[in-house]
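Each of the next two complexes has subunit A plus one more chain, namely subunit B in the first and subunit C in the second.
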Partner chain A sequence: MGESAVTEANSRPQAMVEDVAFGDKPQSFGRQAWKRFRSHKLAIIGIFMFFSMVLMFWIGPAISSYEFDEINIVDRAQGPSSEHWFGTDDLGRDLFVRAMRGGQFSITISVVTGLMAAALGGVLGSIAGYFSGTVDTGVTFLINCLLTINSLAILLVLGVKFQMTPLTIAGLIAILSWYRGARVVRALVMQFKEREFVLAARAAGASNLRIIKGHLLPNVAGSLLVEATLLAGTAIILESTLSFLGLGVLPPETTLGTLINEAKGSIDTNPTRVLIPGGLVTLIVLAVNFVGDGLRDALDPTHELEQ
Partner chain B sequence: MSEAAQVTPPLLEVDNLVTHFPIRSGLLKRTTGWVKAVDGVSLSVQPNETVGIVGESGCGKTTLGRTILRLIEPTAGSIKVRGEDVVAASSGRLRELRKEMQMVFQDPYASLNPRMPVHDIVSEPLRIHGTSKNEARDRAGEYLEAVGLLPEHGNRYPHEFSGGQRQRVGIARALTLEPDLIILDEPVSALDVSIQAQVINLLEDLQQRFKLSYLFIAHDLSVVRHISDRVVVMYLGKVAEVADRDELYASPGHPYTQALLSAVPVPDPEIEATRERIVLHGDIPSPADPPSGCCFRTRCPIATELCANETPALKEVEPDHWVACHFSSI
Partner chain C sequence: MVAYALRRLLGAIPVILVSTFVMYALVSSINDPIAELRQSCPQCDSSAYDRLNDLYNLDQPIPQRYLSWLGGAVTGDLGVSTSMGEQEVAPIFWDRAKNSALLSIPAALIVIVFSAVLSIYSALRQYSLGDYAVTGFTYLGLAMPTFFFGLLLQVFWGIWFQNWTGLKPFWTGGLHTESIGDLLSSVALPITTLVIISLAADTRFGRAAMLETRNADFIRTARAKGVPERTIVLKHLLRAALIPMVTVWAITFGTLLGGTLVTETVFSWPGLGRLLIFNGVFDGDVNIMMAVILFIGVITVLFNLLADLLYGWLDPRVRYG
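Right, the complex of A and B next:
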């Protein structure tokens, strides 16, 4: 670069030689995120599926003329009919109402677990990744402990010992599975904290809390969100397993897993009894994962719109 | 930088600064050695002065810049801003001292948070120091204008800008705290040559307008020659030579400086074809295991026995011209 080049290409504020063409007028982050979310077809399908199920699970019992714990021995073990849409179980309880009731708990458990585990994992993971040293050693030790133990075994032991409510199940699963989010966040934070924009913030005097909250978490939020949706899916499956093994919520209360467990004897005679709750579990997990994918893209300002 | 320098205290004074990084290995992560990234560097920057630091990749330039801001903790030595010790400063005091010195980073793609709109990036230093949200936003707009961007651009995200524009954003961020010293860590080496010129000119304008001092770290000798008042040549964490810009380029005293300058192409084909180039052989030695004596001796064309046994001190061979070589040719 010669002396003359420097003087010739003199840059004054108005001389924006390297200007790039900007698009339309500025929009807020929320607006842009919504636009990106809308352009994600699967996410829209997912959110539609999710809210349809929420609506169905919470309104369904009201439109049926049966109660979830109403025993009617005369009508026991029937297949689907106009009277009992999903059939009845061995005690003659209406399976439609019971499936709706179970769906309520399964959705609650999955959402609560996903949120709790992500929050716990996000906080502990970012602290461990940011402050290496003793804190990191401590959190990593906890993560390794959780990796070596079998969540199901712990839940089984606790299930025998204590009475499970949907919320305690959600809490326990969150405590046993936050490490998955924490590992992802820790690794990403360790990578991002060396970036120059973090150094710049520190040079400007930013506190550790500000750097974690303002610079690191927004950059790992997308990955944490995906992990949270996977956790939400795992939670439903784990809860179903627990219920299937007979250690879930106390009868006559029910969840989708309990319904599958109760129906296992009649799989040859009346397969819909297994297929309906099984299908609902699959749909919930699928919907949550679609929404998670869409949210990840929506929260990433560098993500190009598919248009 | 003559009589005036003797009376005004230097803005920045670095004395015998050492930054070593531990090498840990084995199961117990025991420290088995040290990477001597910065190994006894002394320099000073006067108010309104630009000091260039040149050297090959891996010579410790970047580490030096970051250590001065205490983004990396120094192992030994002292850093003084207007006579106040930065190394001993408490975290609260350090926050105040850092208002005096800011940094512009090399990579305009890594130095801006991709999840933050430019307004927030530029106004964050003000927000940290307690300015209200609206005022910080207005001031950010002003600084965006000062670096040749439009305040409306503040609503955009970094990925919507070109490399040169991003570097302008980085400069605006460094300006918001109204520092006296800006450490420029290779601010133009990631940019196209045509854009380099624009950014260099911008930096010169800003220096006059805001009365700034620069510590300009670079490996491009032409850029350093254009912008610097004084030049420090570094090799393997040590200072090889310090001199006024014109003095250094006219009569380099250290064989390393001579070799660096001879690598700069001359824009005249006849001179270029006939001039003698000093070509250095071999790679820069590992800073974890530097050579004994003079660290440049393994690649030096005039090295002798003495160079292996004795480390040359930085001597003043002419007024304000310091060279660390036993056989300095002036």
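Right, the complex of A and C next:
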């Protein structure tokens, strides 16, 4: 979708125009970006939501007197109570602690996937954009191949045969989705490499590696960060779908998708068992997307909408 | 433009070949019918193994197997199923594809109409209550996993609504074709699920495209010349802003045709997604899996190409290189 360029720059005029008077102290790009991010209400709400969930997921199990894999048949399949805040599952395990445990995985997977996909996409995209020719053809071909492959199908095929850990799931999703960041970075690097500051660096004798590292990557880092954030949200949904289909991590370990999968049989008697983990997944993705939008407006005021 | 389309199509062929080969190698090295037979039937003699080898060419290396599968697939022969009593895959595939199309084609059409309406409304009344509602819906639709939304619909219509009113207007699972009414009430909830998820993405894009166009210079010029607001919206704004939206719709159409995996699983729909997940992945049926994977790949490539062609056709500024 390289050709469909719709800039959102004009749609949020209040965030774009800086009120800088002529005599004001000049501000760096970073300071201006931070100002834009701070004034983006949703982004601040997103940050707040994300970190309160991180706190809850990691502190919650510590203040609860139950373990996530502690089986207690006498108390099985209960609704929420003061003893078991989210109720218990069919083996009497405390669902509050299990939901917190699942939340930890969702957060971990989103952060790890975002970082790995950004690293892969950043390196391959900038190499492809910088050294056109054979390298570019190769990377573009890889990107096109990944586009035609359904990520969920591959994850299912692998998940049925191999036991996954959160890290392998995150790694696989990153390998299947780095191409989105790579497309953005490649297009930007192709624009930037013809600009005067790059030509000047080359004229001064800078090596290719130095030009990419010192001059091109800093210019595309913002867009890549935005792309990584949006990818982190997709990764959470993909992982929870995988475990919803019963192909996630090895029991008694759990994720939010696994909790929904286990609870969907008793959905008519105890719908909260589905609503709580499903709501948590939605909230995490919502928070991540809010932050992504804020970062986009702050770092990349003239960004192009990518499908 | 015809030359460009042909060149793109030719360029897509190696992409399809490589990605299907990778998938073929992956699924056939993971699924080994011989090993399964050895486990499930230790007393079987060599004739059983010979039969398996005959049926699926298991004595050949994977690249050779891939080539004979590909030769068959090109001529419409998708091989024989291992999990469904050695039936031909092709008739099963087309049968299921029809059921999937029953969901995906109406869903795609609804998404196109609604995303156009919502994004026009939202952009014309920016920062109004309605605009905030639309934006809030797009955020929620993008954040909610498909299966969760499907489950919510099932709980609401299958349990809560029935408890309140004693009525159950929709089927919450399966395809029922006894009457037109049954058919409509069994497609309603899965189509809603598909629509919500795609609608959120397309409306978000459409709103941004409309806003961008609304603030463009030629709109200001038209307004300055005293063109009536109605004409500005219909003749200037829509015609320009719909161009990027049309390309997004083409991609949505492709995604929906190939990607109803999760929705079909939640609603026990006998379509391609269930065929892929249950018969293909869970039962380890290579030919079934490959049929659906090939279909998804081809559809994705074709609709991406369609999107690019439409863009160039609608927008004379775009030149194909």
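Going forward, the second predicted complex is superposed on the first by the 252 of 307 C-alpha atoms of A that agree within 3 Å, B and C clash if a C-alpha of one lies under 4 Å from a C-alpha of the other, contacts with A are read in each partner's own complex, and residues count from 1 in each chain.
Note that a contact is a pair of C-beta atoms (placed from the backbone, for glycine too) under 8 Å apart; a residue touches a chain by one contact, two chains touch by 3 or more.
If you're wondering where the values come from, they're calculated on a predicted model, not measured in any experiment.
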| item | value |
| --- | --- |
| Partner chain(s) touched by A:D268 [first = subunit B, second = subunit C, both, neither] | second |
| First (subunit B), second (subunit C), both or neither touched by A:K161 | second |
| Partner chain in contact with A:S240 - subunit B first, subunit C second, else both or neither | second |
| Partner chain(s) touched by A:R202 [first = subunit B, second = subunit C, both, neither] | first |
| Partner chain(s) touched by A:C145 [first = subunit B, second = subunit C, both, neither] | second |
| On subunit A, positions contacted by subunit B and by subunit C | 1, 3, 6-11, 13 |
| Residue ranges of subunit A touching subunit C (in the complex, touch as defined) | 1, 3-4, 6-11, 13, 141, 144-150, 152-154, 156-158, 160-161, 233, 237, 240-241, 244-245, 257, 260, 264, 267-268, 271, 274-275, 278, 281-283, 285-286, 289-290, 305, 307 |
| Interfacial residue positions of subunit C with respect to subunit A in the complex | 12, 14-16, 18-19, 22-23, 26-27, 30, 126, 139-140, 142-148, 151-152, 154-155, 158-159, 205, 208-209, 211-212, 215-216, 244, 247-248, 251, 258-259, 261-262, 265, 276-277, 281-282, 284, 289, 292-293, 296-297, 300-301, 304, 307-308, 311-312, 318 |
| For the subunit B and subunit A complex, residues of the former touching the latter | 66, 69, 71, 95, 98-99, 101-103, 105-107, 110-117, 121, 124-125, 128-129, 145-146, 148-149, 152-153, 155-157, 159-162, 164-165, 170, 173, 177, 193-202, 220, 222-223, 226, 267 |
| Contacting residues of subunit A [partner subunit B, same complex] | 1-3, 5-20, 22, 26-27, 29, 195-197, 199-207, 210, 214-215, 218-219, 300-302 |
